[in-house]
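Multiple structures follow.
The following pair of complexes shares a single chain, chain A, combined with chain B in the former and chain C in the latter.
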Partner chain A sequence: MTTLRILLVGGLMSYRAMFNWLSPWILIPSMIVSPICQILLFAYIGRSAGVGNDEFYVMGNALNYAAIPCLFAMSATIEGEREGRTLSVVLTTPAARIPLFLGRALPVIVNGWAVAMVGVVFGLLVLDVHIPGSSWPALLLVITVASASCTGLGLAMGAVALRVREGAVLGNVLFCLLLVFSGVSVAVDDLPGWMAAVSPWFPLTHAIEAAREVADGAALADVIGLVVREIGVGALYAAAGLLLLRWLEDQSRRHATLERV
Partner chain B sequence: MKQLLRQQLVCYRLQLKVITTSWFDGALAVFFPLMFATATLLIYGVRDDPEAMQFAGLGAAIMGMWTCQGVIASSLLTRERWAGTLELVVAAPTSMGRVLVPTTLALSTIGLYTVVATILWERWVFGLELRIESWPLFVTSVLASALTLAQFGFFLAVTAVRYRASWSLGAALEYPGWLLCGFVIPVATLPDWLHPLSWSIPTTWAMEAVRESAGGGSPWRDLLVCLVLGSAYAVLASFLGRQLVDSARRHATLALT
Partner chain C sequence: MTAVEARDLRRTFRTRTGVLRRTATEVEAVRGVSFDIQRGELFGLLGPNGAGKTTTIKMLITLLLPTSGTARVLGHDVVADVREVRRRIGYVFGGDRGLYERLSALDNLRYFSELYGVPPREQKARIGELLEMVGLTGRERERVEGFSRGMRQRLHIARGLLHDPEVLFLDEPSIGIDPVGARELRATIASLIDVGKTVLLTTHYMFEADELCDRIAVIRAGEIVAEGTPGDLKRLVTVGSVVEIETYGVGEAAVADLGAITGVQSVAVEERGQMQVLILHCARDAEVTQAALSRLDGVRVGRVGTREPTLEDAYVELVSRT
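Showing the complex of A and B:
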């Protein structure tokens, strides 16, 4: 019961306390205006270049922008403890680390999902995107998986942020790498060979491919392989994040650098 | 006059040092647009059309200048607020505009660096050699773009003085700027109702001048409009800056976080 409380209540409280982007002055420009504008940018580039269609860019960029809250909110819920001088308190509690940090990931997954949905709904309303009604349940699931997978990367980034003090820079660099490598605006098949080779190891790659297929009318069963691989990639990053947290926590204690800002 | 020039030079050098040593304002301001330029060139590269690549390559080279200015300039005064130095800047005998303009010029200098970095990136990674018919005119157009962006950045900086989270506003301006200024898509492809907005930004004219000079045409008309518009924004910023700061002082809201 205590573990469940730490996971759900503790996670939600940390998210609300640490992620200061929830103010409407930040939330609206960052999580509504920007994803829409990124979709428009690439949809227009695609039209101008005569490559792909609106649906291709809406799916890719809507899911790509889910990475913003997943990376920044996840690292904020860890890094924010250090800035608030509460990290040592958190780490000395008897609470188990896994529910402590995974609990913080749950609201972030919902946040990422919502941001991706803003983009998808915008595409439906304004651009040339049509998604069959029967595809919606599968699409919502794929977007949830994409968001969870990115949050796994965010957990790893949050762990690294215990050592690297430039969390905002790191988050933007990862976001850019996802943009270029995950098939967001260029199909993985059209990427240069070496980029296509590393692409499957990035979160979002499989989810974006699955979302595009589902939006074209494919059933969940047709993309289940992609969904499972996306879950696998996300789990890999989450596991790496938890291990990194444990190791960096240990290192920070050893070198007395836990709360050095 | 000598005193003014000295103050501008000292302020410019100091701000340039601050910016270049910042991972966020320096390195990321180059990396972020470079990755978007990469994505753009990958899209245009699918069709393997040299003309399209020339169009995208030129725009991708210039679009980083917008990032350096738009994103960071919007939050210049907020950063002063965070650092607790906004009151000092406002209360100093040197006007706020005389402090902000060299700062936005320093940001434009980083923007010039992104132009060079992106041109080299395009050449080394994509094998794209931009065809520039007139290098002197091209360089003049790029410099005019940097100068007018600094003036536009000054406008952004002062208008966002009351916006506590202006960094998010600056970040949200990034994509609209890339769209509206016609860096990587022709302005004509945008909806008609957006055209006046596009042409009211000096950078749109600067981008046209860059394309004209690269294509062997005359960029002078575009450069003239670009410089007039940039100056108009600077004058407006100077006026608004005084009004907004006076208002913030009157209501004692200058330094509230």
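Showing the complex of A and C:
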């Protein structure tokens, strides 16, 4: 019961603690205007260059932008607490670490999902995107998986924030890597061989491919392999993140690294 | 029964500087600290900045591993039984930070109730009791970012008590609080002992330690240099009495001259606005007042008084010894 409450109630409270500064004046530009701008940029580059179609760019970039809350929220939840000196108090509690940190990931997954949906809905309303009604349940699921998988990477990044202070900079770097390697605006098949070989190890790659197929009318059963691989990649990063958190917490006790903020 | 036991605790910090030519520096922050705190006791750890007080506390609350030595809290080893120690302790530190600024006081307490595993059905009543105890009832729905330092500090204490810990570590809780807030905080700390808690308190304020602590250890450069009740520590000093002379415009030469009087161990000058208060620490049975006044010929002198040495006098002497 305690573990479940730490996971759900604790996770939500922690999310509010770190992010309830997001008044509409900050939230709208960061989570609505920015993804729309990125979608418009690549959709019109595609149109003017005569490559791809609006749906290709909308799916790629909408899912890519889910990475913003997934990466930054997870690192901010640890880095911000370290700077605010709440982390040292949290770490002196007997709370089990897995639900403590995984709980923080749950609201972030919802946040990432919502940001991706903003992009998809914008594409439907403004650009030349048409998604069959029967594809929506599968599409919503794929976007959820994409957001969860990206949050797995965010968790690993958050763990690193236990040791380094440059979580935000690292987030920018990872966002760019996802933009290039996940097939966001250039299909993985069109990437050079070494890049295409690396891209399956990044979150979003399989989810973006699945989302495009579903938007074209494919059934969930047709893309289940991609969805499972996306879940696997996300789980891999989440597991790495939890192991890193455990190791770095131990290291912080050995080397007093939490004090260096 | 012993609540906290430290045996020859040591902690060395290694820092590295430079990029290409890495240089390692070692600092021994705590050098063989040993003490016992009995259940229900309020134990003070006093020392100047950098003496090792906070490092000692951090080892006891499991945030830092000792380089060597052992420590037990309620019989649980701080290295091997980390979770058991954490269940039984509360940790409160001074200063503005350490709370979720954008959450209300109530939500801060709710969140930590979850982390400490306070059963949901008990949370509301427990939080209500603690808000009442620290005088924040009625303010609990306000965001912490609007709280004064005193209110934050009281909220820190409420948070540290959420899970009803048996041992509480208070690391300079009154730092930067105004006199009224500090007095309220002292009353809160004193009330903890009334309900059977064991408290380890670090502070820079001697009157606070004198008023609150059952026993005190003075730590200097990572080592305990004295330990005992406030009365024991006062008796440790070699000062027999302290003469205080208010002067206006006293020169350095005159101060040096006072130091040469037989029976005067040291002279300190405390500036108070336009006035300089000369504080003469005198040997036992020494009568120096007349001799001192005669050497201040030509200097405007105000009140002259003699008093018993305070804990602060003892502390200054203990941490100044070479």
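One rule holds in what follows: the second predicted complex is superposed on the first by the 258 of 261 C-alpha atoms of A that agree within 3 Å, B and C clash if a C-alpha of one lies under 4 Å from a C-alpha of the other, contacts with A are read in each partner's own complex, and residues count from 1 in each chain.
As a working rule, contacts are C-beta pairs under 8 Å (C-beta built on N, C-alpha and C of every residue); 3 or more make two chains touch, one makes a residue touch a chain.
Quick caveat, the model's predicted, so the values are computed rather than measured.
Participant: A:Val33 contacts which: chain B (first), chain C (second), both, neither?
Facilitator: In the superposition, A:Val33 touches chain B alone.
Participant: First (chain B), second (chain C), both or neither: which does A:Leu125 touch?
Facilitator: neither
Participant: Determine, under the contact definition given at the top, whether A:Val9 touches first (chain B), second (chain C), both, or neither.
Facilitator: In the superposition, A:Val9 contacts chain C only.
Participant: For A:Ala221, decide between first (touching chain B), second (touching chain C), both and neither.
Facilitator: The answer is neither, since A:Ala221 touches no partner chain.
Participant: Touching chain B and also chain C: which chain A residues?
Facilitator: After superposing on chain A, chain A residues 21 contact both chain B and chain C.
Participant: For the complex, give me every residue of chain A touching chain B.
Facilitator: My answer: residues 21, 23, 25-26, 29-30, 33-34, 37-38, 40-42, 44-52, 166, 168-169, 172-173, 176-177, 179-180, 184-186, 190-191.
Participant: Within the complex, which stretch of chain B touches chain A?
Facilitator: Within the complex, chain B touches chain A at residues 23-24, 27-28, 31-32, 35-36, 38-40, 42-44, 46-47, 52, 56, 163-165, 168-169, 171-172, 174-176, 178-179, 184-186, 189-190.
Participant: For a test of understanding, state which residues of chain A touch chain C in their complex under the given definition.
Facilitator: It comes out as residues 2, 5-6, 9-10, 13-14, 16-18, 20-21, 84-86, 88-95, 100, 253-256, 258.
Participant: Can you check the complex and tell me which residues of chain C touch chain A?
Facilitator: On the chain C side, the touching residues are 13-14, 58, 61-65, 83, 86-87, 89, 91, 93, 95, 97-103, 107, 110-112, 114-117, 120, 159.
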